[in-house]
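Each in C-alpha cells, the structures are laid out below.
Both complexes below contain chain A, partnered by chain B and then by chain C.
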Partner chain A sequence: MSRQQILSPLPGTFYRRPNPTSEPYVTEGDPVTADQTICLIEIMKQFNEVKAGVNGKLVEFLVANEDAVMAGQPIAIVEIE
Partner chain B sequence: MAIKVIKPGLATSIQDRGRWGYYHVGIPPSGAMDQYSFLAANLLVGNDENAAVLECTYLGPELEFQQNAVVAVTGAEMSPRLNGQEMPLWTSFEVRAGDRLSFDFLKRGARTYVAVSGGIDVPIILGSRSLYGLGAFGGFEGRNLQEGDLLPIGANGSAFVERSVPQDLRIAFPELIEIRVMMGLYDYLLTEEGLKNFFETTWTLTPVADRIGFRYKGSELRFIKRKQPFGAGSDPSNIVDAAYPIGSIQVPGGLEPIILHRDAVSGGGYAMIGTVISADMDAVAQTQPNSKTRFIAVDLDQALAARQERNQRIARLREALAA
Partner chain C sequence: MHSNAFDKLLIANRGEIAVRIIRAARDLGIRTVAIYSEADRDALHTWLADEALCIGPPPAGKSYLNPDAIIAAAKQSGAQAIHPGYGFLAESAEFAKKCAEAGLIFVGPLAESIASMGDKALARRTAELAGVSTVPGTPQPIRDVEDARAWADEIGYPVMIKAAGGGGGRGIRVAQNRDELEQALPIAQYEAQAAFGNKAVYLEKFIPHARHVEVQILGDGRQCIHLFERECSIQRKRQKVVEEALSPCIDDEQRSQITLAAVRLANAVAYRGAGTLEFLVDPETKAFYFIEMNTRIQVEHPVTELVCGVDLVQEQIRVAAGASLRLRQEDVRPQGWAIECRINAENPSQNFMPHPGQVQRLRLPGGPWVRVDTALYEGYTIPPFYDSLIAKVIVWGETREEAIRRMRRALYELHIEGVSTTKSMLEQLFVNPCFASGQYHTNFLERWLDAEYRQA
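Let's turn to the complex of A and B:
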C-alpha cells in the first residue's frame, strides 16, 4: 500500500460538494476511481472538477470546504492498494 | 503548418497589444493583460513587437508543434517542459516538429505568455488579433482555445538566436502588492471613513478575477447617503451612467471594489472612486486569488513619472534583447 497526494491544478476556492445542498462528492474513507470527481476549484466564476487521478481509498482531505488553495497544493490523500 | 492544442489549459487565449480606438463604441482594448511580459516574449523570439501570443491563465496548455519554431515563455512562473524536460523562463529555445510543450503548476503570478516565432496568425479584426471573449470575436474563432484546435503560425519567423531577459528586467512577485491609484471622478461620494478605509485596508483578491475585472474583499466602503439623481440606481454607489476608464475602480454596494481590466465594458452606473495608473496595470494582471493588495494614492505628476519609468524599463528591455 502506498499513499499519494492529490494536488490542486489551480489556485482558487475549494469545494467538497457540487452545490450547497448536495452531499459531498466523496467522504473520507470512501473508495475512489481515477476518473471520479473529488472536489471543485472555483476560479474566474468557473467551477473546475478535480479528478482523483488514481484508484484507491480517499483517506483524508487536507483542506477544509471553501478554503483558499494554491496551484500545486496537496488537497487530499489517496491510499493505493 | 501549425500548433495543435492537446490540452487547452483553463483560459488560454490569443492576444496582442490590443484593439485600440473602439472603446467609445463599447469594444474594449483587450490584448495581453501584462503588456510588459507580452513584449518580452515577442522580443525573445525575434518577432514584431505586436505579434500575437498565447496568454495562459492559472493553468498552462499542452501543445504539439507541427513545425520547427523558436519559443519563449514569460510572465507568471509556470515552468515550460519540452517533451518533459524543464526549460527556462524568460529565455528563447528551439522546438522541432513533433515536440510537445507542457507546463508545470503555477508558482507565482497569474498569467504566462508563450511567444512563437512568426506569431500566431489568426485573422486581424478591427486592427487586432486579440480575443475579446464577451464579444466572441478575435483570437481563435472568437473563443478560448479548445482541445484539437490547430493554431496557424506566421510564415516569417526568425532564425534561432539565444536570448534571455536579464534578472533585473524580469517581473517581481511581491507578497504584498502596492497598486497606485489616481482618485476621482466620484471619490467625493464616499464618506470620509470610507475613503480612509480604502487606503488602510489590506485587500484580498477574490477568485472573481478575470480579463474583465478583479474583485477584492476586506472592508466596507460607505457612500454618503444622498437623494439619488434622476437616472441613477437606488444604491448610494450608483451614479447616472458614465464612461468607465480601463483601470477604474467601482464599489457596487460599497462592498467589494472591482478594478476593470482590458476586456471591461465601457460604461455603466457605478461610481468610480479612482483609477489604477497605467504603469501598474501589468502588476494587477499578475495577482493571484487570495493575494494581498494595498492601494496608494498618487497625483497626475507621480502617475506620469511612473509611466516614464516604465517606458525607460521597456527601452532597457529592447536594448538587452536587440539582435
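Let's turn to the complex of A and C:
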C-alpha cells in the first residue's frame, strides 16, 4: 500500500460539492476510481472538476471547503491498494 | 447641501470598477475607503483610496460577498455611504436593506426597487402595466402537448421551449413548427428534470437574429431621464465582449420609441440612481421587447459617458446623496460614436481558459479619444479568485468608422506580458467585415469563433 497526494491543477477556490445544497463528491474514507470527480476548483468564475487520477481510498482532504488553493498544492491523499 | 450629503464613501468592490468609483468620488471631493480581501493586498484600488481595510480571506463568499464584514468596515472607517459597483452585492436587496438599517446610504435604488426588478415575473408585469411589451410567452408552465400547441399558435412560430429552472442560455430548445414542438416538448421536459430537477417548461417567442440593445437611465426617485442606448450583441456564452453607443441597428424612429418605453418603465417604479433596461430587438419586424432591468452601474457604462459627455458614476453618487437630477432630458445630446472592448485574462486558443498570474510587462494605449479603465500595473499579480475582466479599452470617434479605426490603433498599442488575454481575438474582430457593417446579431461572435477565428 502506498499513499499518493492529489495536487490542484489550478489556483482558485476549492469546493467539496457540486453546489451548496448537494452532498460532497466524496466522503473521507470512501473508495475512489481514477476517473471519479473528487472536488471542484473555481478559477475566475469557471468551475473545473478535479479527478482522483488513481484507484484507491480517499483518506483525507488537506484543504477545507471554500478555501483558496494554489496550483500544485496538495488537496487530498489517496491510499493505493 | 442635501440632508443625505456624505463626505466619506466606502467602495464595496475591487478591480477596475473600484478604481473608477474612487476617481469619481475624488472629483466630487468625497473621501474614499477601499476594502480588500487577503488576495488583494497589493491591488490598485487599495492604493488609490484614502484608506483601505481588509475584510476577509480570498474567496469572494468570505470577503466581497460578506455584507456584515463590509458594513462593519464602513462603521469602523466612519464612511456614511457604500457604493457597491457591479457584481458582488450590487443587486442584493438584502444588502441594500442592511445598509439602510445600519444608517448607511446605499448608492443605488431602494431595496424594494431592487427586489421588484430582480423578480423576473414581477418585472414583466410592471412592464406590461407601463405599456412596454415583453417577449410573448406563456405565463405558467406548459401542462401538456395540447396546451403547448394552443399557446404556440397564439405566440407564433418559431417558439423556444425554456426550462423554468434554467438560466444563462441553458435548457433551451427551438421549434420551428407544430411537428417539431410535439417532438421537442417531452425531450425538453425530460432534460429539464435531469438538469435542473424541475420538469416545468415555458414557451416563449423565438426571435432569430435578435439583437441586445439596452437603455441607460438616471433617476432621482422623482423623475427619470434616459441617456440613449448601447448595443451589446457581441457576446460569448451570454457575456458581453464589445459594446457600442449608440446602436448601429436601430433607426431614429425606433430609438425614440425604445428610449421613451425605458423612461416610462423607470418612472413607473420611481427609480433612483443609474439603471439599465435591457431589450431584445427583432431586426425583421423592428419590434422590441423588454427583458430585464439592471439596478446598478454597468461594466459598459463608459461608452454612454463618451457619447453623452456625462459622468454616470458622479451622477449616481449625487442622487444617492439626495440631490435632484442636474440634467434635463433635453440636455442629453449624444455626439459621435463610442466602442468598448473587454480585455479578459483568458486564452482564446484554449477555449478561453482563465489565465491569472503576474503581469510582467504592461503598455497601455493612449492618445486622443482613447480611455482605459483598468486596475492593472506592471508587476501586479492577477489573483485567480475573481472575474477575468482586467481592462476596458474605450474609444470615441466622430463616426462609427472612425471609432473602429481608433480601436484598432488602441489594441495595437496594448501590450500585456505574463498572462494570456483576449486582445488578439479582438484585433481580428475589428477587421471583420460583418462587424464593420454593424449588421450582426447575438449569435454572430460564437459562430465566427467556431468557423473562422484562428489563433495567431
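By definition in this document, the second predicted complex is superposed on the first by the 81 of 81 C-alpha atoms of A that agree within 3 Å, B and C clash if a C-alpha of one lies under 4 Å from a C-alpha of the other, contacts with A are read in each partner's own complex, and residues count from 1 in each chain.
Just so we're on the same page, a contact is a pair of C-beta atoms (placed from the backbone, for glycine too) under 8 Å apart; a residue touches a chain by one contact, two chains touch by 3 or more.
This structure is a prediction, so every number in the text was calculated from the model and none was measured.
If we overlay the two complexes on their shared chain A, which of chain B and chain C does A:44 touch? Say first, second, both or neither.
both
Of the two partner chains, chain B (first) and chain C (second), which one does A:64 touch, if any: first, second, both, or neither?
neither
For A:1, decide between first (touching chain B), second (touching chain C), both and neither.
Neither chain B nor chain C is touched by A:1.
Once the structures are superposed on A, label A:9 by its partner contacts, choosing first (chain B), second (chain C), both or neither.
first
Under the stated touch criterion, which partner chain does A:72 make contact with: chain B (first), chain C (second), both, or neither?
It touches chain B, and chain C stays clear.
Where on chain A do the contacts from chain B and from chain C line up?
10-13, 42-46, 68
Show me the residue ranges of chain A that touch chain C in the complex, using the header's touch definition.
It is residues 10-13, 42-46, 66-68 of chain A that touch chain C.
Which of the residues in chain A come into contact with chain B in the complex?
7, 9-13, 42-46, 48, 68, 70-72
Could you pull out which chain C residues touch chain A in their complex?
Where chain C meets chain A, its residues are 39, 57-59, 61-62, 345-346, 353-354, 356, 384-388.
Could you list, by residue number, the parts of chain B that touch chain A in their complex?
Per the stated touch rule, the residues are 10-11, 57-59, 104-107, 110, 207-210, 288-290.
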